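You will see two complexes here that share chain A, one where it goes with chain B and one where it goes with chain C.
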Partner chain A sequence: MEGFLLKPIAPHLIVIAAGCLVLLMRAYGKKTSAGASGAVTLASLVLALAASVFLHGDAAKSAFSGMVVDDNFSLLVTVLVLFSGILCVMLSFDYLKRIGIAQAEFYSLVLFAVSGMMFLGSASDLVTVFLGVEIMSISIYVLVGFNRGRMESTEAALKYLILGAFASGFLLYGIAMIYGATGTTNIAQVAEFFKTHGPSQISPLFMVGLALLVIGFGFKIGAAPFHMWVPDVYQGAPTSITAFMATGVKAAGVAVVVRVLMFAFPESMDRWVPLIQLLAMVTMTVGNIAALTQKNLKRMLAYSSIAHAGYILVGLAAVYSQGFAEKAVSAVFFYLLAYTVMNIGAFAIMILLGRDSDEYENIDDYKGLAQRRPWAAFFLALFLLSLAGIPPTAGFAGKFYVFTAAMRAGFVALVIIGVLNSALSAYYYLRPLIIMYMSDPDADIVENTERRPALIVAIGVTAVLTLELGMGLLAYLAGGGSYYEMISGYLARVM
Partner chain B sequence: MDAYIAILAALGFGVLLSGGFMALSWFVSFMQGQNQPDPIKYTTYECGIPPKVNARQRYTVGFYLIALTFLIFDVETALLYPWANSFHKLARELGAPILWTMLVFTALLVVALIYMWKEGVLDWARRARTQGK
Partner chain C sequence: MLNQYLVLSGILFTIGVTGVLLRRNVIVIFMCVELMLNAVNLSILAFSRYHAGLGNLDAAMNGHALVIMVMAVAAAEAAVGLAIVISIYRRRETVDVEEINLLKW
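On to the complex of A and B.
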């Protein structure tokens, strides 16, 4: 009976049940408004968040014969993806109505995607990892193409579907190789295998499997050179889904990379850390250089999301420092949280200003925004400064922790490349600022002035958190408690 | 590793043999044959019958929906059958949960079926009548 305890997956079940409920509400009540489904979605996500926090025990509990586990690591991932999901739903309410795709199925797909991400966080078997990746990806493929009247949206969905299916193939093949090399797919048992058999068991078969896994995951988090799909898909997808993909999907992807690499293959760290280092360098550089010339804000944020995946990988490589692995992983988590907050904030401002079918994507549309909409301009400036990593914002604190962890691991070259890249990125983040504050508005630009409370709340929450997380750095430097310390306190118990 | 050498050798022999036949026939036709281009030679070969229309045509999206529906319930059967076959053994070892895990799985599929039904995926005769005009 022990193997079938439901408590560890109670939050997942809440989300899945809500997904089914939203579908049935739509099937039986054709007149049910999309707003009602949105409200159910939001309520269930908040309920799942509460359940994941309150049902969480201190001791790690595994269920379903070791397929899923509820530990502090999974709690952090669950909270992160639910937070991202909640913000995405808040961004979607009016946006969907405005562009004419307000349908219940949208919310039900968001719920299923979130459940997949939660399973990624609590996976303790490579088979569960694959299932989570598929549940998440298939829902996101459909969501990307949800605006089917728009050619770009459909194209993006098709591109993402084909490349994503291909990447899933890599992932599955890698899992098969690992199974061949170790005789098990359970993450704890794989680690046990190398612990008992020693490093001499690291066979070519295992190395090929590891490389295939890294390729598959690299695709899901949009790391160069597996990033080709990112700009087109992020630009084509509905804006609230772009925000969700850049934060939720990326957080779940990074979490599963950490889970697999750190928990299953700690013994072969000296093999995969150089790989991650190389990926980090290429990803940061490619993302930042490509973002320099973008004239479309959505596309620029897509390239910036590639660059941020690079910074996150720097933190992942930093687990190499002996005895400080959990510090490095907490830096990764802090960075994910900071990136979620500031990135969703930036997309929320885009949605706030957009009008009818005009997405307000061109950087030139923001001319003189400070004169017309001083508050919107101020918040967008805050989020962009945070993305650029300027103190006292969350982006700066995140980079500080990640680069500190990398220094501790002795990766000086990696840190230098990272800092140079941050300097480079300031150029393209500051350009919209200059356009907003220093040029006069075009007479023919009119933006949306409706009142949208959900959106305003989302912007408020993200703005406060951007500052709050950034200020936490001061407390950390002064030796007091900060969010970063809190995260590493949680992780110290599982790593 | 030694066990695989034989397979590798067989593979190599197969490749050489088939490649050799291919090269031989190509060489003989190159030496002996004459080149006589003819437009009929370039048409699609369809069991010897002249092709009537282009092969690339648009299908109604109903076909894809039926295919998807079939796939879902086909996979369900593929899962249910081994489960039913080993039910007694599993039930002795794991108890009641082995029954209700499958019930949950089936219930999820029923939700999908209800949704499809209500959305009119299964009524394509009526749809063809109303849209075909």
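On to the complex of A and C.
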């Protein structure tokens, strides 16, 4: 056992070492270009992805006295956040140069944030959970404020920092109470404690701790009513970081919620499922209604990301269905994957269209895009349709799996509210489409026609995956193998 | 004794939360966040002594380790926070959150 001590965290170590290397390259080689740092970052993320897949064994292995674990669950999270990180770096290459913040520190912070997310995926102790959340968050605070010349950016960083630290306080208080109630911080031992002591031991102390944990996590994944920071921070942050926060940070946050609630408190499910249900309803509705009136595309996507957090929570509430918990969690993972590809795709198009001084954020800027840049308009339309959940895209498949899982758990009201919300959201996703295709362009627009291969590749990959994941639904309905089945096959072995 | 420590920690935590919500000076808000984290530290240590009193020494040591981690994290957060405040102050000459309000609907 001792010989394999580092194996479960080998991918994490690769990412952390690369983060340090990028910093040192900049410190010792003053002439190192930001492009070289970016290339090292990209290479190390791909290497970590390969390592996490190839070093992964079928049996769960824990290390560092049960602080981290390498199981199928952690593998899925690691793959998801590394994928999001890779796409974010590809989006950043030219964008950073264009807005004048191409610095090596940016990439090393991305790497440290990714390492925090990976630790969240493989955390098997509440202390690791706390440290993972903080490693991720502190790196992201700096990244949000990285564009120091722009006041919105630093302001967003300040708001995120204050509310993030506030949320960490709640999270930590929750951990403290659970530690007080059970005498351990290890997730498996907490579950064991309730199994042996029975429901009579569910003390008020523990219930308060659980509620505080849910509040802390609610802040981190941007669920209403803890969402007020999301629009400001997403709008102020550099666009590639917005894409990263909406996908990677959210995926890691949701993963840790699942890990803590499902693995530590399965016995008290009837206490926290109603809480999650309520959060899901409020989050979907608030996000969608607020998104209706937005004129800034980045801010609209921020509100839409709140709504999508709501759909994800619907899937999480669906773990209540006896014996189908792993199906519900697979639906959540599938949704996270689908959301990652379609959302990063939409942000990539925004970056592609942006010019020197103009961030290209207002929806009116997209007037007549179909005539000026037919391909960009086509791909943006694809991603927006997918976000709206229109077949045959990934967004539709994701919603299908999530709502099916909720039906299986018997939450009919929740599903009805979810479907109504999807219908509502079609309004604000289709509005930019109409503006792009139905109105004429302004005459005086100078196009940004630079060649940006990394960005084009990112758009291509996300577009193909958006369709591919959506088509998987057909295979699923026909009874064949789909990505969803693959994910639930993995999860069935740990849940 | 456990109860007294938990009540004190609860009071300190509430003062911190109230401060974050009501004060307008960013520096004071940071102090309140630190107060929240240290209130939690106090209750973790109280629980740790309580578990030690029950004879569960493993549990007691877990608490100590957690407190040290929290102190390290709080320091990192303060460093980043002050850096962000300085970069805002250089541009706008204010640390009043009411005046830092470019982003809104």
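Definition applied: the second predicted complex is superposed on the first by the 492 of 495 C-alpha atoms of A that agree within 3 Å, B and C clash if a C-alpha of one lies under 4 Å from a C-alpha of the other, contacts with A are read in each partner's own complex, and residues count from 1 in each chain.
Keep in mind that, in the parts below, a residue touches a chain if its C-beta (ideal position, glycine included) is under 8 Å from a C-beta of that chain, and two chains touch if they have at least 3 such contacts.
Predicted model, so just to flag it, every value in this text is computed and none were measured.
Novice: Contact-wise, after the overlay, does A:28 reach chain B, chain C, both or neither (first, second, both, neither)?
Specialist: first
Novice: A:378 contacts which: chain B (first), chain C (second), both, neither?
Specialist: In the superposition, A:378 touches no partner, neither chain B nor chain C.
Novice: Taking the superposition on A as described, I'd like to know which of chain B and chain C A:20 touches: first, second, both or neither.
Specialist: first
Novice: Applying the document's definition of touch, where does A:131 land relative to chain B and chain C: first, second, both, or neither?
Specialist: second
Novice: So in the superposed three-chain picture, is A:437 touching just chain B, just chain C, both, or none of them (first/second/both/neither)?
Specialist: In the superposition, A:437 touches no partner, neither chain B nor chain C.
Novice: Taking the superposition on A as described, I'd like to know which of chain B and chain C A:179 touches: first, second, both or neither.
Specialist: After superposition on chain A, A:179 lies in contact with chain C alone.
Novice: Chain A residues in contact: does chain B have more, or chain C?
Specialist: Partner with more touched residues of chain A: C.
Novice: Could you list, by residue number, the parts of chain C that touch chain A in their complex?
Specialist: Within the complex, chain C contacts chain A at residues 13, 16-17, 20, 26, 29-30, 33, 36-37, 39-40, 43-44, 46-47, 50-51, 54, 56, 58-59, 62-63, 65-66, 69-70, 73, 76-77, 80-81, 83-85, 87-88, 91-92, 97, 100-105.
Novice: Where on chain A does chain B make contact in their complex?
Specialist: 1, 3-4, 20, 23-24, 26-28
Novice: If you look only at chain B, which of its residues touch chain A in the complex?
Specialist: 94-95, 97, 101, 108, 111-112, 114-115, 117-119
Novice: Once bound in the complex, which stretches of chain A touch chain C?
Specialist: Listed in rising order, the residues are 127, 130-131, 134, 138, 141-142, 145, 148, 151-152, 154-159, 161-162, 165-166, 168-169, 172-173, 175-177, 179-180, 183-185, 231-232, 235-236, 290, 293-294, 299.
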